[in-house]
């Protein structure tokens, strides 16, 4: 299993981690299978979406902040329930097939770490599974 | 890895792809493991839910259109940010266990491709992973 | 594949299933790979989030009930469309890496079955995949 760190840049902030995931696949001798990209935190998530136009993830961030507002009444005393809920909605992991030694991301797809309670140092695990 | 195409039928439209997934498992000699069903696009998703009553996915489509409205102010100039956001909320892949050579979908479960920016021709990948 | 049952306690109710998942890993001789935790139902989901403070999942439940209200007009005659939609939003499965024989949940992460149309008896599958 490969582990790498990500320093996130804001309360709600998205980091493109595609290169680190591709490197984890390249560092291992795997031809066919899949990569599990896993976030071991409870207030951050992982998602796959467009990486070409940075405005896409800015729209995603704005939408999530409005969908899960800070100012609802929450019971959890730490005050970061919106971050917990947001990470459940995006999910905390993603799977990508590997075929012929290559990570099969679609043409526009990048892998993102979605920070919802930052800025913080976060860990990401990449585990490779064989066909 | 198996690849198949889906021609979607509307802007927001759900296609039942269960038979193609079952066929991909049947075409391979796998007894125990899991199937990864993967959508390589950024404005469509994959989800698993009820396939018996077609009204269920109609309710899902109506809900998603209301949850992620077209008329919010978005920055992404292509105008399809709601489709990008919707695909993040449903997710762009699903995993189903395989046991005794059989895809272990529950009694009412079907696998769906969720189109959010169609109609288009879409690709779906099915990668089998062994226990 | 391991199967276990969960008796859920309310219409919308969250059950911590972490111990059963850890047991399924311990019962099998697997060193490196991942666990797929799978819900074969269409009105319940699986998610990973904080298990230390029980108020976190109470906030999640309250949020989901408000996000997917019972009183919208739905077509599905059974009246449980909100439960179908909620299970799509949380997802019906989760993946967790296994490394050195250990399930690699983060410090605060627990695995939860999210009931959206209970109380009922539910099944959960755990399938182990090898690196």
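In order of appearance the chains are A, B and C, and numbering begins at 1 in each one.
Here, contacts are C-beta pairs under 8 Å (C-beta built on N, C-alpha and C of every residue); 3 or more make two chains touch, one makes a residue touch a chain.
Note that the structure is predicted; figures quoted are calculated from it, not measured.
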Contact graph of the chains (line, ring, star, complete, other): complete
Interface sides of chain B and chain C: same vs different residues, half threshold: different
Gap in Å, rounded to a whole number, between the CA centres of chain C and chain B: 19
Numbers and ranges of chain C residues touching at least 2 other chains: 67, 89, 91, 95, 129-130
For the chain C and chain A complex, residues of the former touching the latter: 32-34, 47-50, 53, 55-56, 58-60, 63, 67, 89-91, 94-99, 104-109, 129-131
Residues of chain C that touch chain B when the two form their complex: 1, 36, 38-42, 67-68, 72, 74-78, 81, 84-85, 87-89, 91-93, 95, 123, 125, 127-130
